[in-house]
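Following are the structures in question.
Next come two complexes built around subunit A: one with subunit B, the other with subunit C.
Take a look at the complex of A and B:
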């Protein structure tokens, strides 16, 4: 094709038709939208403002909430959760969902421990134990993710059912493998990943930050990232436009599985044990955090930074209510209410942006 | 008409009320049943209706025409109780009328049949008709749905509309034309005095359209008034007693049918005379072949399709709905399988996969831009860049994880959006769903232009597009051919094919039944071949 289609070469077709009144009208409709974006409660970072508001509202009544020790505590809880939630965000962007992440964490944890443990591990005591353990753990995540992705794209099964059954299977397998016992005596070099730090910067923070940056770049700048959003917006249109939908969707689930495994490494290291029930309670937090941040359950919308805000918010609620001495069950109730509220805010915001 | 009345006698209470209503209508025939008086409506301070006044007479069909964005939908949404109005008044049968909810409008006998039908495809015909108000009976004081009454009433409604289906038939098993009839049955079931029809024929076949028109005639004879919205001005002239033209929220023309011609309506809609809807075909067709198809077959869908598309040629594909035109396009593009046959693009055999064919220079604009064309929530840039994304990878990067050159994408998208003249967007981040149909279609076109293909398959590129945007799309198609691309243009509008194409293939039941050269273009010959009447000629 020559000049016309070659957009980057600079030629254009001129079709002149006056249409100024219509254009003016639509422009002013847009001005409204721009204004709405500046309002903190309809901004895409509204949850971040809400977090700050919440913190300052509760700080006076919650002794110790604003202390440095507590900040460290919040971060150690936040980091692995963030990693899982980021993987989940990638899947949610494609319009899917990954319910198997918590079981992946558990299975990965016990398999890694079975490799590394000094008690009866296959490589117990070897100096390769830690590396082999980490590789095995990540491999488990990748395999579970690939299975999910393949079942969803090749056999066209709904993501909800596929990942739900994977969750049940992986969880069962983890318990069966360990006869529901925890595995102790992991190599210190492994535990250091979860607990240690270089100078004052914890390894966990380094790992999480690297992952977050990598995922951010992938989602916002790479070809695969654009394709992920396109699939979430309209998978059929993506197919027609030549996007390799199957391959890209599988990539999303593999990323989610890998993220779960990475989180499992941090959790397992911190606990110094391989546990078949590790992470069983965080599924709500993972999906909740992503959605509170602004990621759409219908696909096409989601950002790393949003999920960071969402995780921060959820962790802060958890932590503050804990410090107020409330029970786990009460915290659950409050969290449920807060997630509902955030969803309401999101619906309200969408309606405002839609113009009515 | 006689048949309809008979059926009404057989039917239950509901229909008898229709009859009573009819007598009432007949008495005031010729008087306005509905009056709009200086209706004003603004969205965010922008006036979209600027004092609209006109009247609908009882037992008349009023054609409401105007470009997309002229205010037709807003006005009808006000009438249907979907939107409130800011100022002015509406009078229905002389009484003040200001519905606050669609249910209130229905209670007043105003039925709104939307372009995208509001049917529950997973429910039966009867359930759809009575969804808002199921007939009930009481069992031990507990109200339950009276299924028998529902079935009986539905049966008589369907008989009156000559829709041969049982009340239990699921709507998903009905054709678009039959679904339209169900919507009309729904309107009749609430004793509608006014029926609003928004683009009722866009998804209907020729035969279904004829059937619908015959039905509208019968309803009119019964005294039911209708407001008929359509971009098909020929249909408007044929069906409507009165015509109102809207432009930018104002009535710019109103009167009896006899006062209008298609040209006058277009001139009023656009605000000037559109001297030339179809651009002059200046370029010569090259002898080089862009797309060659040999014996392409898929049992039950297309049969032995063979033709050549040359560079610089616009080759039309005419045919009725269900003739296999879209199926042919999808098979050519690699979206649907073909059992036999060979396709070659620019002299090389086409790769089996869709992606391979795109890389070889094929582009496909689908007929359903909402479902398969656009990412409605995403911005214009994202939509425009989608097909050509791999070409924006930073040099060297070829893989999945390669990074894209964002500034280059934005520059290219801006440029191409300008060259196809996408209007109505303040900037290119604006969601595509906010654009009018014509501008959405231009976004899809721009996407393919950016991928720099050499063969375009365009499936109904002007469906649901207003006159102004149509002219622009025609100009683009012409320009593509002038620059050496081969264009395969599928269209249901024969005028459009005659105006744009160098040659027209005609399809009927999956086969090519005729191939007409530009010098022999003839509506009748094309229509005959589309009905499968013509002897098959070798195409290409």
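Take a look at the complex of A and C:
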């Protein structure tokens, strides 16, 4: 196109040739990228294939691993983790990170329990207790997320330090509010969200599936989704293109906070207890699962289905090694190694796709 | 194409799950799941090893899991044991309340569950708890300390390091201490009750603050031996870490019976220590889970009466003190 607008005889031919060469380079880079993605190591389904391979490799040596009972157990274990990891995926797509999710889980848990508990809850015994508790828990998640997003976009602070300090503050607040005590005697209708089921379908599965589908549609079909990817690819270019970067980034952190609060509802319900240290050890699993799935730590890449696969893989590792009777320390080493490998693969894939 | 392969793979997995769903036939080795909330202190490590050793002695396979202080992870690990169809579960709960859904899950799967050293809160769910008699052991330990104080004819100002007061063990030890010193109220005044929440750093800061506020504290009891190192550090900083018989010696007592306490007894710094009998508790826990498995009636609480070790009986009781048997 440039050749026609500025063309004058020979100069025009030279520009056309340069454009053609550039186009060929781009085409060859595209073909290279497509080939690279077909490579099982960088394919978007690589983690799913690895999960299957891992499962079949271990099943003969691990009694009970391949039972329907254990399948139900694996899915029950992965659902709340998946919800937190999905929120984290949205933030990672923008090139950010949310380290405060675990403390959001704890703070939501104790605030919800303080509202609902039959022992000492503000609405203990009331028929509105469960609804009010759930609303308060989600509100906590949204407020923490909005604070993170606002601090990052308005004050231009690094996401790492903002969410790290939010993590410390929220965790301290949860412990201060409860004086380190757990809060028991939550309404059965609330506990049912984490443990109950309608016919044979657990409520937790319904909640998780609805959230996953909603986030998938948002990321793949909506303008907001395209904006999130655009910010992750190149925030400056996104600003120039008219993307409301600040508003969209704040949305990402609010989604992450809401997801953490939704996970807190499931965790608190299944433990029947509000705890100020709930979920404090799962941060590595949350970020690790998203990265293992293929979401890039550098932003611009990530899908709901990838995170589902990542969470499935990390839960399967925990489950299988636990069933094999291996020590906790060995399991931690294996998980750490797998997450490190996934991060290395992410860096390698990034270089590959950049055509270098 | 990718989606086709993915779908086919999912179908194969589903078929594999359903085909592997039958229990293996023939005699099989018994398997017990052992879930510990933490291995943070010597006591828990000693208990964990003692249970595994007891199971090995009886040719029972142990499946181990450590929750690293996370009750939710412990729930998942116990669910894994249940899915593995273990013959029994021995668990050290994170706390008395969060263990209840785990007991319910084990009850629903008809798997016996024994709680080691930390009982559950009031619940309909069925479990057996093997616990030390925290109140009685602490009371006997503190009474011995008070008798030593009485012999000197001096007045004493005392401090107690409290555990996490959400933990029933910590409450038993606190009550045992209070009950003992109450009998010697003319001799001993408690000037500091230091909350530690089982945290060594908080213990150190608490003792330092207490010694600054009351420099004449000369009687300290800790609700767990793992807090001795921070106590020693704080006493050294205040120039008050002296052997028994030396001028300015602070009467020291503790609870657990770990290796640090044993060494302090041998070196002449520690006056008395309440000892939990790890070997009795481990054997009782394994025995209880096996008896529950065959349907025998087992009392819901099995008490470890423990004992007090002090300078007067150190030689004869050291062999029963688990801290004297573990390598430092």
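Odds and ends about this structure:
As a convention for this text, the second predicted complex is superposed on the first by the 301 of 356 C-alpha atoms of A that agree within 3 Å, B and C clash if a C-alpha of one lies under 4 Å from a C-alpha of the other, contacts with A are read in each partner's own complex, and residues count from 1 in each chain.
Here, a residue touches a chain if its C-beta (ideal position, glycine included) is under 8 Å from a C-beta of that chain, and two chains touch if they have at least 3 such contacts.
What you are looking at is a predicted structure, and each value in this text was computed from that prediction instead of being measured.
By the touch criterion defined above, A:227 reaches subunit B but does not reach subunit C. By the touch criterion stated above, A:198 is placed in contact with neither subunit B nor subunit C.
Within the superposed three-chain model, A:251 lies in touch with subunit B and out of touch with subunit C [touch as defined at top]. Of the two partner chains, subunit B is the only one that A:217 touches; subunit C does not reach it. Shared-chain residue A:236: touches subunit B; no touch with subunit C.
In the superposition on chain A, contact is made by A:300 with subunit B only, not with subunit C. Common to the subunit B and subunit C contact sets on subunit A is no residue at all. Per the touch definition, subunit C reaches subunit A in the complex via residues 2, 5-6, 9, 12-13, 16-18, 20-21, 24, 39, 61-66, 68-73, 75-77, 79-80, 82-85, 95, 97-98, 100-101, 121, 164, 166, 197.
Residues 43-46, 48, 69, 248, 271, 333, 335, 354-355, 358-359, 364, 366, 371-378, 382, 385-387, 389-390, 393, 399-404, 406, 408, 411-413, 415-416, 418-421, 423-427, 430, 434, 447, 449-454, 468, 471-472, 475-476, 479-480, 483-485 of subunit B are the ones touching subunit A in the complex. Residue ranges on subunit A touching subunit B, taken from their complex, read 1-8, 10-13, 15, 17-19, 21-23, 25-32, 217-218, 221-224, 226-227, 229-230, 233-234, 236-244, 247-248, 251, 300-301, 355. Those residues of subunit A that touch subunit C in the complex are listed here as 43, 45, 48-49, 52, 55-56, 59, 63-64, 66-73, 76-77, 180-182, 184, 195, 267, 270-273, 275, 277-282, 318-319, 322-323, 325-329.
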